[in-house]
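Below, chain A partners chain B and then partners chain C, in two separate complexes.
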Partner chain A sequence: MFAYIVRRLGMMLVILFGASFMSYNLEAYSSDPLAELQQSTAPNKQYLIDRLTRELMLDVPPPLRFFIWLKGIVSGLWGQFDLGMTRDQHSVAEYIGAAIPTTFRLVIGSTVLAIVLGITIGMVTAIRQYSRFDYSMTFVSFLMFSLPIFWVAVLLKEYFAIQFNDFLVDPHVTPPFLLFFSLLSALIWAGIIGGDRRRFFTVFGAVAIGTAILIEVLSLTSWFISPGLGIVVVAVFAGGISVAITHLSVGLDDKKSLYASLITAGIVVALYYPLQWVMSADASLLTVIGIFALILAIGAAVGYLISKIDRRAIMRTAMITGFLSMVPVVIDRFMQEFNAYYASDAINGRPIPTMGQANQLLSPEQQANFWINSLDGFTHVFLPTVALTLISFAGYVRFSRGSLLEVLNMDYIRTARAKGLTERTVIVRHALRNAMLPLTTILVNDFAGVIGGAIITESIFGWKGMGSLFNQAIGSYDLNLFMGVFIMTAFLTVFANLVSDLLYGVMDPRIRIRK
Partner chain B sequence: MKATRIVRAVAGVAVSGLTIAGLSLAAVAPANSAARSTVVMMETSAMTSLNSGTPDTNLVTNSDVGYLTGMGFIYYDNKPNLLRNTKFGHFEVVKKTPTDFQVKYTVNKGQIWSDGTPVTAVDLLLSHVLSSGKYSIAAGLGDPSGGKPAFDSVGYGGSYDGHVVGNPVLSSDNMSLTIKYDSFQPEWELLGPGPSPVHALEQLADGKKAAGTAAANLASKAQFLKDFTSKNTTRLKKMGAIWSESYNIKTVDSSTNPLLLVSNGAFKVQSAVADQSVTMVRNAKYSSGPAMAKTNPINKIIFSFIADGSPSYQALRNGDIDIYDGQPDAAGVAQLKAIRSATVYGGVSMTYEHVDLRVGAVPGATTAYTGPFAGNSQKAQDLREAFLLALPRDGILESQVKPFSPNGVVMNSHFTLPGQTGYSTIVKSSGVSSFTTGTQADRTARALALVKKYYPTASATNSVVDINFLFKGSQRRIDENKLIAAEAAKAGFKVSTTPNSAWSTKLDDVSYDAAMFAWAPSSTSQTGTNANFLTDGGNNHSGWGTAELDKILHSLEAYLTPAQITAKYLAAETIINANNWTLPLYQWPTTIAANTALKGIKSAPLTPNVVWNFWEWHY
Partner chain C sequence: MAKKIKQIEKTVEKNENEISLRETEGLSQGQIILRRFVRHRAAMISLFTLLAIIIFTYTASGLHLGSEKSPITTPGWWPHSITEIDVNSAVSNLCENGIPGCPTLDILPAFIDGTGMNIGEHPFGQDSLGTDYLALVTRGAEQSIMVMLVVGLLGVLIGTTIGAIAGFYGGWVDAILMRLTDLFLVTPTLIIGAVIGFRFGNLGVFPLAAMLGLFSWMGLARFVRTEFLTLREREFVDAARVAGASNARIIFKHILPNAIGIIIVAGTLLLSGAILTETALSYLGFGVQSPDVSLGTLISHYQDTFTVSPWLFWWPGFFIISIALCINFIGDGLRDAFDPRQKRRISKKEREQAKAVLKAGV
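So, the complex of A and B:
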């Protein structure tokens, strides 16, 4: 094992050296930093050209200049790591240090969302293979897969920012839209619930009418500019969540577990009003974390007190229920702040921006308010997240569907069914876990890719992360910056490969890493 | 089983949010925003420094911030005319002999920096340090031409550096400064000094972190005068390091040293978020320039950094930005025009495209040029004329300019831009008319006839003269090259169509017969074009030049009236056109789009472009 890792690390160095040497020279030979100066008619043009030549060492041939750059990297061995300076006289390391958190903020949400949604939908389509839902999801995922991000971004900005903001001026849904949304939501739900034709149309009709009524009521009460959930909706959510979680984790036949979940959900609802006072204008991220920690503790306690056998499973169910039920309570709190945010001078009735990471017009008081500040962050991250999720979740859907289908055809699944296990146990305990194995490989690599940034997405939404840094490096012929971003991403990619190989060996007993 | 299914359905419905409780009726609408006083302007690149005076930070966004936060003796309007800012001070020539040319700059009394310190002529002295290599060497700050000087300024190596004599002389009241040159400087108005908060620089060099008291500021200013006069190397070096490096910040917040933000402009930097935006607010102590608009003036200007193209069009449409200032393509212009809440302002830039034909190698080159255009034989002259005749300049204008500005014209003068003084006089009799008369088909036919004199087999379908054509691989140039190659083929020329990404290093390369690129002047000057045509001119890459032309160009370096300048331009252009060296194509069009509610926007061809008249902006 140790020898294997050492060998892989050695290979990593060789790959990194070769790759960086090649990219350095490709970039150096294809770029022309003097071009802009050559167009100038300034009297001291020659001085400026000489100076730039000296500063960028343009008189040294790129293959040799590479080693000057490499010296800074190698010096890292004795703590003098140096990625050099950018052309605008900032340290490359400082640029990258600032860009990584930005990229993280941009991409982490969408990656997690894409993984959760993609795997869930993929698994459901596998279980419901060749159903209406399977076909429609296959269609949707291939559609998304084939869309270019810049185009998706333009459409999202058009409909979810510009037109949505226009809609908010007079937030009443017009009949054609009412019809459209009702039918759309009916189609989705009828597709998911499935069943025979009669049942399909029953669900379709019920959901269509329900949605239409809901939208009309929301419209009439100006809910879109002054949203909120209220204790009733929170209670309904909490009840639904507790039943759903119990069903998924231990099955509804386990009465103790169901009671533990329901009690925890009840506590969440009971805490609704006291929590309004806790989540005041002076609250911080710590408050929210504290609230979630509290409900996890309560869930654990309830599970512990109620259960006699199978204690761990029951506690786990209650904790998950408590956590998820608390989410609507916190969302409700954010919604309560939305109207003030929407009506403020900085936002001026157009809450969804098409660009940037934060609104610079917010007053210092607003910036200090955790709820408003977070809302502002959310409105800014909303569109890029949706765009990235849309185009990347398709891959997970296809992968997890295929993976689960393969597992479901295995002999041990047939054995499990034959010995009389419930379908829930067969799928959740035996099939899902094994189907997740190959997914870990792509997950690890995807996380490494995340740091590389989303070049196009970042520049379209005006985020300065690793991707737009790369863009900037190429645009301004900034070789040091280019190489800084390159070596960072190259290292992470190669490293993630190693990690995923090792991880696979640890998780799958069939695979052993030999010397 | 049935019960389970019902429970499942209930759960599903709950999660879908199909319920109507929890509604609030207390919606508040946004207040009427009639009193808006904020302008959010797009910049395509981030601010990288508060000092745009070093070669590495001399970038558009940095200069725009500098323009809003600092005011000096001169600025350009949208004509572009060089205007004097009489609010700040005045200047005049006080001595004018062939070997002694002196200009006196006087700062108006009563102006103060944003920290309350009076603005005096001592604040102008730093300009000398930043522009005179001789001073830098004498003060032990390093030789700018041999290495990095203490003040890593963009100002060295120009005419000021070459001709200034001694140090500028302060008047006894410290409000005036006299600069002496060894000869008349045709661009003397541009060479003048600008104010810098030298007291803040002194305090920064001392490691101060907070604004000084009024007395301390005055003492620091006096200290600077002393350091400047005595060429105090240690202190000047410290200040040089501050000036060259400490202003390179991208984030401005409460922890930023306030000494870095001292300014005399209408605005001062309030905050900056790295790579996102810079926020500037009105400087209450501003009196150094034109007064702000009387009704609804702008109190806050934010530069927001966003990529050109659809992101910025949509940002303008959504109200995220108020001013779009970019280089849209034709489809982009259409998109901008379709925005109901915005107005599009077209204009032209000083940057212009041109095609140069090689006559020979540059002086001092080791390899001679032997291509079809080489030398001044009748054959070379005829082939050059033929190539220029076959340049489809109207067609290029049609495809590259008309979609943006329907009033765009083909440029026909080398020294003046359409609309400038003298342009029409020059164009009328400089001989350029031989390249403009008739239709393009007529001219191409004339070109073919010229080529046939030497290559009888040449025809519209048989291209015999190979032309190696140098151009950049940008969409604009590739399109232009296509048009040129197609038209020149009809005249018997076979023009290469491979772009070169390293074009700027190939300008002197004799394997190229012709080159197409742009000149991007950053100022107007009566001798600004000389370097393109002097035999040993730094911008003359094609081996042009005659003794007679050199004489005319050198005679421009004198104090002349506009009529005299036009006459000399005309004489020079006549020679240039007679030799068939080069033809200009067109000025780059510019497009500005702004929130219609924002009034007073005027596009300008020179930097600082659209922000040049921010004081006229209002809602």
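So, the complex of A and C:
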């Protein structure tokens, strides 16, 4: 195992060396930085040319210049890591250090959302293969596959930002939209639940009427400009989550599990008012993390106390329930701040921006307030997240559907059914877990790829992350900056590849790492 | 009664198997695959739509090959060109909000909106200078399709060659070729594309497409290699070798035909990826350079006018999406057709018919 990792690391270095050599030369020969000066009529033309040549070391041919750059990387071995200077005399490492968190903030939400949505929908379509839902999701995912992100972005800016902000001026949903949303959600739910024609129409009608009433009530109470959930909705969510999680995780027949997660959900609801006091204006990210850690501990304790046998499964169910039920409580806290944010001078009633990564006009005390500051972050990341999610979720849908279908055709699934296990156990315990295995590899790789791959998204939404650095580097013939961005993304990709291979070996006992 | 129903169901199942068996009787593998593909409705619709789009765009504005300096062009049937500026006609065609260059296309018949179906002088409208938008869009689509086809062809050729050699010979040949593949894979596509576009974008579309093609074979090479690795261990390869076949003969006559399914499917994915990459590069300004147009540059050029003249934004997007969507569906159909485990689903009608026949018999 150790020898294998060492060999892979060695291989990684060779690939990184080769790829960076190739990219350096490609970029170096891609344009001529002196061309503009040679055209100029300035009296000190020769001086300018000489100076630029000296600055960029243009008298050294690119293949050799590469090694000068490489020296900075290699000297990282004895602690003097040096990515060089950009053409405007800033440290490349500093630029990249500032860009990585931005890119990370941009892609983390969409990646998580795309994975969760994509895998869930993919699994449902596989279980309901050849159903209406399956066909329509296949069509939708193919459509998403074919969407250029820059095209989607323009549409999102128009409909989700500009027109949504216009809507907030007089937040009343007009009848055509009411009809559209109700029918859409009814179609989706009826499709997922499935069943014969009668059941389809029952679900369809119930959901359509329910959604219509919900939207109408929300409009009438101007919920859209002063949103909030309140303890009642939080309690409903917590109850629903505990039943759903128990059902998926161990089955509702397991009374101990059900009680444990219901008790944990009850504790979350009971903590609602005390937590309002904890989540005060001078709370920080640590507070939120602390709250989630607390509820996980409570869930574990409840599970431990209530169970005698099968302790791990019961504790796990209670912990997941606690964690998920806490999410509405925290969301509710953010929602309470929305009206103040919406009405403040910096926002002026147009909360969803089309460009930028933070509102510069917020007052210092607003920026110091964790809730308002995060809310500002959310509104800015909203459009890029939707765009990236739409584009990338199709891949997960197709992949998880294919993966689960393949597993469902295996002999051991037939064996599991034949020995009388319930359909839930067969799917959740036997099929899902095995279907998830190949997914882990693409998850790790995608995440690394997305760090360097958000070039278009960043340029459309005006974010200053890795993609825009890269754009800037190419546009201004800035080799050091270009190579800095490149080596980071390349390293992440290669490293993720190694991690996913090792992870796969750990999770799937059938895979043996060759010595 | 219950026994009888069970009996019927059993016979129905047997008959269904017979239906599918009888269908493939006496047909070669290629014919079976072709039949399965033709029966895939979405794929067939997509195939014809794609062909229609290609024929439409390539005949409308004529062929444009060669570089900027020595263009080779053929005339098209569409009367307007992308260099023509006609402000007068744009001004005479005002939209309801007073924006000039409104599309004259009207596909709603008279009984719905009062005006009859009409193509008009400028069906896709005109841009702010009065250039005919149909000319611009067909020209852009032409370029994008060409890039897509060249990239796909080169990617499939190089990918298949490298994957086949690596998978068949194994050992150090495999190791070197696969590290080479990794090396290309590590570099993000857009980074390579941007550098290429920056250098070759102004030489015309063909060199740009060729260079993009040189950097897009990696995924396919991996697929083909895996397929070759498993196929070369099969008995029929041993049999061919014992019979004295050369390596080249084994590769081309025995293994390649078995791997053709995976090559075609991965190739279609490559195609739909290529059109998105090309438009994205052009959008960022690294791809096709002005005065030439591509669907990406059209969108990037007109996206700011979306609120006032949305048609300038919708049409290029519509073409990109329809082309990519068609290719994805064709790929899906091909995958199903090449999958040997794929059984045709017996339609409800056939099932009912079989049952009715049996019931009458019982």
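Criterion: the second predicted complex is superposed on the first by the 496 of 515 C-alpha atoms of A that agree within 3 Å, B and C clash if a C-alpha of one lies under 4 Å from a C-alpha of the other, contacts with A are read in each partner's own complex, and residues count from 1 in each chain.
Just so it is clear, contacts are C-beta pairs under 8 Å (C-beta built on N, C-alpha and C of every residue); 3 or more make two chains touch, one makes a residue touch a chain.
In this text, all values refer to a predicted model and were calculated from it rather than measured experimentally.
When both complexes are overlaid on chain A, the residue A:V494 reaches chain C alone and has no touch with chain B. Judged by the touch definition given at the top, the superposed model places A:R424 against neither chain B nor chain C.
Within the superposed three-chain model, A:S344 lies in touch with chain B and out of touch with chain C [touch as defined at top]. Touch criterion met: A:M11 reaches chain C, while chain B stays clear of it. Shared-chain residue A:S30: touches chain B and chain C both. In the superposed pair of complexes, A:E158 makes contact with chain B and with chain C alike. By the touch criterion stated above, A:R128 is placed in contact with neither chain B nor chain C.
In the superposed model, A:S459 makes contact with both chain B and chain C.
In the superposed model, more residues of chain A are touched by B than by the other of chain B and chain C. Of the two partner chains placed by the overlay, neither chain B nor chain C lies in contact with A:R105. With the contact threshold set out at the top, residues 29-31, 150, 154, 158, 162, 459 of chain A are in contact with chain B in one structure and with chain C in the other.
Contact residues on chain A toward chain B in their complex (touch as defined above): 29-32, 34-48, 50-52, 54-55, 87-90, 98, 102, 150, 154, 157-158, 161-162, 165, 185, 189, 192-193, 207, 210-211, 213-214, 217-218, 221-223, 225-234, 236-237, 239-241, 243-244, 247, 252, 332, 336, 339-340, 342-345, 347-350, 352-358, 360-361, 459-462, 464, 472. Across the complex, chain A is touched by residues 179, 182-188, 190-192, 194-196, 198-199, 272, 276, 279-280, 283-284, 286, 296, 299-300, 303, 306-307, 313, 317, 320-321, 323-325, 328-329, 332, 341, 345 of chain C.
By the touch criterion given at the top, residues 4, 7-31, 33, 38, 40, 45-46, 48-49, 54-57, 59, 144-145, 147-148, 154-159, 161, 187, 245, 248, 250, 271, 273-277, 279, 302, 304-307, 310-312, 314-315, 317-321, 351, 472, 501-505, 507, 517-523, 528-529, 531-532, 538-539 of chain B touch chain A in their complex. The touching residues of chain A, when paired with chain C in their complex, are 11, 14-16, 18-19, 22-23, 26-27, 29-31, 130, 138, 142-143, 145-151, 154, 158, 162, 409, 449, 452-453, 455-456, 459, 470-471, 474, 486, 489-490, 493-494, 497.
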